[in-house]
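Next come two complexes built around chain A: one with chain B, the other with chain C.
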Partner chain A sequence: MGDDAFLRVSWFLLVGFAVLSVLCFITLVLTRATKDRLEKRRAVRAATIRGHVFDLVMGEDAEVASAQSWLGATRGSRWNHVEQQLFAMLPKLKGDGRAVIIGVLLARGAEQHAVGLSRSRSAVRRCRGTYRLGMLGLGAHFELIVRLLADRKFLVRRVAVRALGNLGDPRAVRPLLVLGQHDNRLARDLVFALGRMGGGVAPELRRVLAEEIDSGEHLHLDPAAAVLGLLGDTDSVEILAAGLRSENPSFAGACAEALGRIGSPEAIPALVEALLDFRPNVRAAAAHALGAVGSSAALSNLIDVVDEEEPQVSRQAAQALLDLGPAARELLERSESAYAVEALALDKIRVGRR
Partner chain B sequence: MARIVIADDDADIRELVVFKLRHGGHDVVPVGDGAAAVEACTTEKPDLVILDVMMPGMSGLDAARALRQDSAMDGLPIIMLTARAQESDIEQGFEAGADDYIVKPFSPRELASRVSAVLARTR
Partner chain C sequence: MIQPAVLPVALAAIDVGSFLYWMGIVFITYSVAINSSFVVLTVLAMSDYAAYRRRVGFAAYDESFAEPLARGVSVLMPAYNEELTIVASVEAMSSLRYPDFEVIVIDDGSKDTTVSKMVAAFDMVQFPLAQAAMVDTEGEVLATYVSRRGSMNLLLVCKTNGGKADALNVGINVARKELVCMVDADSLLDPDALLHVSRPFADDPERVIASGGVVRVANGSTIAKGRVVKIDMPRKWLPRVQVVEYLRAFLIGRAGWSAAGGLLIISGAFGMFRRDILFELNGIATDCIGEDAELVVRLYRWMGDNDVDGKIVFVSEPVAWTEAPETREVLAAQRRRWHRGLTEIFLRHRGMILRPRYGFIGMVTMPWFLLFELLAPFLEIFGLVYFAVVMVLLGLGEYGVVPSDWVDLPVVLLLLATSIGFSIMMSLLALLTEELSYRRYRGIPALLVAAWAAVEENVGYRQLTAWWRLKGAVDAVRRSRHVWGDMKRTGFTADAPTDSSPAA
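On to the complex of A and B.
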């Protein structure tokens, strides 16, 4: 190949590369501009929808009527966005605003849509449908959500647990505890769901606990005890005190913790007895609970365990005494236990920081 | 009309509160965390501050304590707006210096009434 031919090929390659570079640059600029425009359009649409949703929830009568008519006229993908925003708003609201949103959603067939989604083959859609059924709070779908507790996908089971919490039907107690038996990853969700049901769930929790304690505790009962404690259910002191004697150390500890939260002096004799339990976690939980109950009736029992063999028990007993006021503190100051000295020193640091 | 600072890391809640309070004729300054709330209180000199408890960085409780320790903020009413509903949480809120405590989920109408009541009490 001569010099001319070589120059021609080089020239073509150079021009070709330059043209390609320009084309790439133009494509990138156009892509970016289109993306920006779409994002802006999306943001404007979201803001418009949000404005109408806020008017619907918090506006004056005329604004509510206008928002209802605007939302009622939306169709297709725009309605999907509206629906998403309305469902996203539901867990944050209570009162009239929440009722209005649910009314709009039900009028637009959200219930049937949610049922359809919860039966979808896609796990994501099943999650969405289950979440929506829970948010709408329709008791008619209780059985459907309970069946979803057995879904093969963990996320669907988790959403179903929370949805049952929103429904607030005490019949969910046993299915939820049965699920907790098989899947301890859901322990926190169970406590959340049972707690969300409120005080109305306490009688059923007490009934299930009594049945299980009588029949040898086949279920994982820690969440039930925890929720009774969180609810501050004074009627459950007796059954939780019985739970302190459970063979399952985790459940016995959960009962002690719950009794501490309830704070009823009626629990003191059972908690004092639990200070002598052979399992350290139960003794520690009992010591902590006695501090939380806040009665001076157990001072001598607590001072006895400040110097016991298990550090976790001694530390809890020392902390409990610190929580029990000046007389208990005096006992602690007279103690020669290293744990008493440690608790007093830590308390001094804490006070200094405040 | 009052100037109100609202601190919440949840943009939806922030917007809800801003919408409701502006509707009621208040001047609202929204921020996303406790440190920004303390900063906004210093610069904006609000009549009231609404604080979420669980926020990234400085929590609402720490922000409330910081405001109570600042003599320039003497008498500034604080309302806690939080999902933490345990008795001990509420106790902690009041110990940190809150004047009122509202639990999420909340009713915007109730929030507006509580804001008016706290403002009427402290002005």
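On to the complex of A and C.
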């Protein structure tokens, strides 16, 4: 009978819920009880390892020797903990200290371990392996990490982006930007990675922008522009100035910001033109950039936008004028714009405070 | 629905046994549908947390602090008669970790010493802050102040009383940064709240237009200087049940919807928006009770109408804490208000439901909310009545007044037990999700309190909230017929409900 089947299902569900609830509860109690204790133990262990690492990196000779022998004597799962913590500490270390730790890791086979992890079936392990390869910074694994940019898991791709940043090989520029076009959640990571590679990537970034500037919607090229700005790459002024006219408002804004960071006066004509752009974010970024470039060539153009309707543009223009010397200040004082009044008042308070 | 007066007639006219049987089938179908959708949400949410746990170790989370793509944020804090807490709240707000942000307190015509307290505590001076007229406002700005301290990133705007939404609109007009973060003056933020919630804007700058985070119940925890410093479970029953309710709503409900790509609500206690988009939308609706939720629905509507490829993102990190009502009266008012807000939103934006133009939100989320959130209290109360009727008939059957085969008691009890069993399991799963992800609560006693709350909320709490919510829905329908949009604005007080509705 249908009713019987229905009752059976109900009973089945009720018993199922009850069993699952009890299991859930038991897991909860067990996790809470054990995790608290585990956490304490882990904290003690971490403190020990940290102590030895500090000894190794900046201790006296005797301390270094004792730390070395301690690290050398750790084996098995204990070493795994040490390895994991050393990798976690690496981003916070610089220079010699970093090199010492990397030396220890390499001597203990961390490289092979990381390669093995990066080929694992588990996405977590692949992430871990990729992260470690990046931290070790060995150029030999460049191809391997580039391949990981195409991993099917987003997290692995993200870690691979950052790992390439640590490697610093300019050949990574193109695959990174291509990935950014397909994967639009990586802007922040791309800026991090490209910025970390340093000045060596600038020519390649310029080449990519030059190729793209005449075609396409310039989707997800913001990181390229932002990084050129961060690098202060004066050679890219021309291409960034062309980028100001991009149809993509986000990219055009990024170009204006980058030009401001570079601060080259050659950009002024293009930035002045961008002050008349129909997109407020481009105008605001251009106003800000003109202030940052610090030339009085654009005063009259800036004072014109102090009066415009878009508040972020007016405010940026007023702020820019404030930074551009006495002539600009005079223009501001004569302006009736609320933003000019605000900028002057704030400046007065700031000066009075000193 | 059958009117009470017709009920006896109906009972006489039809075969009561089969009527009760079919009503039972309706309830069962409804609860199977709602519960299976919860299971789907849970699976989605839990896989999301699994991903979170995995990335914690190597995602280099702190680095966004120094990254150039971090955009400026204006934190808007509307305040009305908050003299007791305003200084501590602002201090906590100003010491958030973020590279470029300002705090704007908008005093909505307080009658107490909120303004003078602020001015004295933060060494504020009057100055002519420029106001854009991008969003329509009602209240008049009387004075604007800036703090002389630090990087002068604390502003105070005094305006005539116009309600919280109007205060926020004034804030949107004066905000000087690209992103706007709306915060209730009484929410307590985690130090990294801005970093967490702004991250989606940096990850995907071309598309993300709004983001929101998890709100938790602060009752029972130790609070110092506007910060939650030691987390513990409240001992009183109402807040205790609400802790579990919030965990379930945020950790399962919102995370699940967000993973599915159809998050409908960003809590008013903490949400971040692109300011230029708020200009486009003419700010926040002042004629609506759940203005925070309404804003998000309107964002979706705007995206659909203008073919904007935008994204609204939920950040699963805990970012804000709120003080949950401890008394029945305040809780009743809060729930009534929330449900009234939700109903108003659906009345106003009913045109979005089942329209493919609005994508997943229109085709899935809104119909789901309509069926399983908006109508849930009606079904719950109707179920209660049904249960009562069944019990009465059962008694009558015992005495031979009505046929005794009308009601099958074991079946009714079985169904009731199954439904309660399911809800306990869901709450425990939410607790487990928390335990395996963020683990903010410590110690076995707190766990036992939480587990007990998962059980006890089924007796009394659920029915009471259903009743209050039902009244809220009725309020909304009545209002919309008679005095739509003609609400009395009384501002908002610290003990009035915050709009951090934990609705799924």
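The definition used in the following text is that the second predicted complex is superposed on the first by the 280 of 354 C-alpha atoms of A that agree within 3 Å, B and C clash if a C-alpha of one lies under 4 Å from a C-alpha of the other, contacts with A are read in each partner's own complex, and residues count from 1 in each chain.
Here, a residue touches a chain if its C-beta (ideal position, glycine included) is under 8 Å from a C-beta of that chain, and two chains touch if they have at least 3 such contacts.
Everything numeric here is computed off the predicted structure, so don't read it as measured data.
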*Identify which of chain B and chain C touches the larger number of residues of chain A.*
C
*Have a look at where A:Gly97 lands relative to chain B and chain C in the superposition and call it first, second, both or neither.*
first
*Can A:Gly76 be said to touch chain B (first), chain C (second), both, or neither?*
neither
*asked:* Let me test your reading of the model: by the given contact rule, A:Pro326 touches which partner, first (chain B), second (chain C), both or neither?
replied: neither
*After lining up the shared chain so the two structures overlap, which partner does A:Ala88 touch, if you call chain B first and chain C second: first, second, both or neither?*
both
*So, does A:Leu230 touch the first partner chain B, the second partner chain C, both, or neither?*
both
*So, does A:Leu28 touch the first partner chain B, the second partner chain C, both, or neither?*
second
*Which holds for A:Gly199: it touches chain B only (first), chain C only (second), both, or neither?*
neither
*Name the contact category of A:Met58: first (chain B only), second (chain C only), both, or neither.*
first
_Quick check on the output: what are the common chain A residues between the chain B footprint and the chain C footprint?_
88, 91, 230
*Within the complex, which stretch of chain B touches chain A?*
10, 12-13, 15-16, 19-20, 23, 86-87, 104-110
_Residues of chain C defined as touching chain A within the complex_ = 51, 54-55, 57-60, 63-64, 67-69, 125, 127-132, 134, 146, 148, 152, 173, 176, 178, 199, 202-207, 275-276, 411, 414-415, 417-418, 421-422, 424-425, 428-429, 431-432, 435-436, 439, 442-444, 447, 451
*chain B touches which residues of chain A in the complex?*
50, 54, 57-59, 88-89, 91-98, 230, 232
*How about chain A: which of its residues touch chain C in the complex?*
7, 10-11, 13-14, 17-18, 20-21, 24-25, 27-29, 31-33, 35-36, 88, 91, 123-124, 127-128, 131, 155, 158-159, 162, 184-189, 191-192, 195, 219-220, 222, 226, 229-230, 248, 250, 280-281, 310-312, 314-315, 337-339, 341-342, 345-346, 349-350, 353
